[in-house]
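In order of appearance the chains are A, B, C and D, and numbering begins at 1 in each one.
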């Protein structure tokens, strides 16, 4: 692992060098106080002290609503062209890196999703260390997911230690020699470089079929969808098809979905496999802490704390997990 | 022969209306415009609502005129609360109203009336018959909508216009694009005037009517009504002057003015009240058949005004500013804005909690009813020997000259 | 082929089977894998361009000429517009997806196929597969129930097979308006009651079940009463699906995903999963 | 391709849904090629009901006897009856004071004169006829309208939207006006599909698309209460577009 030191005053210069590779996006606080990943244009510095952005990096890989196929009578279904520009995402916290790792497991592999894989291939991830706040549970996550990045910034006094984590990272470091110094310090342990520490509590309770906890959560849930929209690993989607007015073309769109919505498990004729909200709530819990199908046993909650912050009624899945755990013992 | 001739379900006008012509032997002695649209009772719906809900509700009176309803309501509410809005807000509102003017006039000229001139039944046939004309019209219309969207958030029932200010200012890029596009249609709107003024008239000239329009503010705005016969009525007295009465054959109240006089509002009236010299030559005849010309002229004026306003807004800076704080107080306010079809009055009273206790809305089409009926009568009496279809067609064409908005009239 | 991109196919024939159910024959390129290499119980994603995409079970037997049989009920957003399509119209498909019936386990065994309503579609595919190598298997019994006699799909085919002695057949309907004269042996009973008259050797029998979710609990308990072990009961489940490849997140059953771990599951797999059987 | 025969009618309403169609300026020429605007009094003459229609698209609510007649007639003649906009689907703004004494309201406007006395409390279309599909919004989104029409070309109807405005607001990464600014935003309870049009410009959602497919009204009241709006205030707002909110 190559490590270099970046003086804080050189951050701007470093971003300029990065920009030679492509547009750089990072956390920015808007006038409304909301922190979002957004374009870091020349001279703009990212807000590296913010606890979390409103939406996670998934917005760059799976758009909230996007065209996944086009159709013409002539050509049949086609995947729309995806521009090949690289995008550098700067200042990504370890939990979010792990979130991307989870999405990779779903959308890459032997039979990759065309749009996701095209975007993922051009995404350069620059991680950064952070200090968890009271909503975070990254340090206690038993997830086997990894916080993989190309470069990683460890905040230290007076600047950052940059480590390269991939071949792409090596290349970037080489390019940025002019603003970096040899690193004499050790890479600090306590900068939460790695998501999921070893002292995590791996026991996640099996959700009992019934139980007051579920009903209580369900009673509070407004079904507003905020929790899954902001979740770095929620990737349920709905698919819609819209015909063109010409009668011979069409587009297929996928959009983020949420397992707490009534329609999520509803089939033709109105039959629903998860009619009441408590059932849906259990489903959400299962997905976060149990996993389905090929990703069974992969805890997908990366502990970023977003759903807790976003929920208008303060529902806390992590707390629920704790309660169930106690109940189970 | 029956003494009653009915034209059911008027087409290519907004809302539901019919006409009754009452004959005595060969002469038609009375013409009635029957606005059988169902009243939503807006003036009653508004009573009991908070001051900050009034404009959101009132704009639903009519979609084509929703922007002016919104602005008129906001101004009346603000007057009642004693708030003055910023220059920026005023520009935004004015721009939105001009956008509405462009949209409405383009819709009227190209989709609703041009078919009459070209002998077809509507835009659907225009598409085959005169596609280039329809295209031009739709492009201008779209631009009117784009203005309303940019300022108001959407083309119909704008939500970005609030009591005391605006929600979000448009971006510089949005305004730039707007002004580019507006500049792009300047030639088109000039050509529209030439085209419309060059058409052969379908209707005979009818007696001209006293015109009435708002005055005392920027174009389409004002604090009083003035008439071509020299009257000047301040907004606070306008309702009394307009003197709305209920008549049994129509669900829209009818302005009776004083006694039996009538007055016309709308594009032609506006030009008669204040004719820009460069357009005077188009109006040797100010009878109602010239109203289409007046709309064409106003279309151009609106485009020019919108460009100017965008310039002001850009010069003023587009930083968001919070709406003016409202100190709720008991009060009363009235406001007049020129809607595409003429003067529109909104008038409200609020109690000390800011709850509306009385609402009065007087719309241009309601004001025009007597004039419409009078000219209808005059028209059909010039048509000796005409059959039902001819009369029906001529009557519809005449009514379209007023571009009635029956939802507004009945509300 | 990327499983995300539907390939075009042409509807070559449409045969009405019952009210609102039709058999569609689709023609793809000869050798197309979606037509030639699937297992009974698997499904494909059928697209009606401009309208949408739905999961549909294979109803026929794999072919080399690229033809595919699907049995479709017209009930919703996609399937109703499909009703107005005609031979020659273009559709598109992706697949095959999911896990089919475990054919190798069936070697040398007796089979009881239990279908309710449209559940006949995948079971017909299974039946055709069994019949293609009839000698490998022992007794094949088909129990089939539907709303009324008019809704029994593929009745002629089934009666003919019964006549030939290839299968034993029992039929049940919920009600009848037109009598049951044309349907020899059909009774007005509930589907699970057909099991009452059946004798099986639980040690060498597999049951393959497909039907509306409501009947599953009854069928399964009836089979369990007959001492058939859970791992010898196979069920095809239906869930909302939007992708077919384990991504869209809609079709979970317990911790399985119906589209990749199923739709065919053994009862043993489903034991203890709340709501799995509807 | 055979043209799709349409009947487009307005009942008690502001014509906004019909105008939304005319606001599809870019698409109108193409629409004319695919659809026969057989009955569309707002924009096409003459206004005569003839033959059968592939679809009748009806704007507005019912509040007069003659509207009932027209609606029944359209239903009888059409394969699909589509409710256009919030008034048609839910009742809309005109229902604001349903349940109160209508005669008193009428007198407030018209005095003792017998004008318009045949009207009744406005109702949504489904109160009288079977409605095959609807699109909501006051006004509806033109994009949704165009999709509806494109669907009709293929015999398809739009799928119901199951998410609220909040979901879309969050997707657009906007500051929550209720939680963040204590504004009375109805996004929580309102059917999505508008792209959180209003909140995304910092204007609270007024609920113009009517209730979301599933809501948690009781809990929502609590949330509003925590941000300074009592039940009465919220109900007053909810009432604006849908009388059924108060059931």
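General remarks:
To be clear about the criterion, a contact is a pair of C-beta atoms (placed from the backbone, for glycine too) under 8 Å apart; a residue touches a chain by one contact, two chains touch by 3 or more.
Keep in mind that this is a model prediction, so the values were computed, not measured.
Every chain gets a centre from its CA atoms, and the centre nearest the mean of all protein CA atoms is that of D. With chains reduced to the mean position of their C-alpha atoms, the one farthest from chain D is C. Looking at contact counts per chain pair, the maximum sits at B-D. Distance between chain B and chain C, defined via averaged C-alpha coordinates, is recorded as 63 Å.
Chain A and chain B have centres, each the mean of its CA atoms, that are 52 Å apart.
Separating the CA-averaged centres of chain A and chain C is a span of 39 Å.
Listed for chain B are residues 320, each touching two or more other chains.
Multi-chain contact residues of chain D, defined as those touching 2 or more other chains: 150-151, 153-154, 156, 159, 202. For chain C, the set of residues touching two or more other chains reads 50-52, 77. Chain pairs that touch one another: A-C, A-D, B-D, C-D. Residue ranges on chain D touching chain C, taken from their complex, read 150-151, 153-157, 159. Across the complex, chain D is touched by residues 48, 50-52, 77-78, 80-81, 84 of chain C. By the touch rule above, chain A contacts chain D in their complex via residues 30, 32-34, 36, 54-55, 59, 64-65, 219-226, 229-230, 240, 242-247, 256-258, 261-264, 277, 310, 312-313.
Every residue of chain C that touches chain A in the complex is listed here, in rising order: 2-8, 47, 49-53, 75-77, 79, 90, 92, 213, 238-240, 242-243, 245-250, 252, 255-257, 260-261, 274-275, 278.
If you check the complex, the residues on chain A that touch chain C are 68-69, 71, 73, 76-79, 106-107, 111-114, 209, 235-244, 247, 249-250, 252, 254, 257, 259, 264-269, 271, 273-274, 279, 283, 286-287, 290-294, 296.
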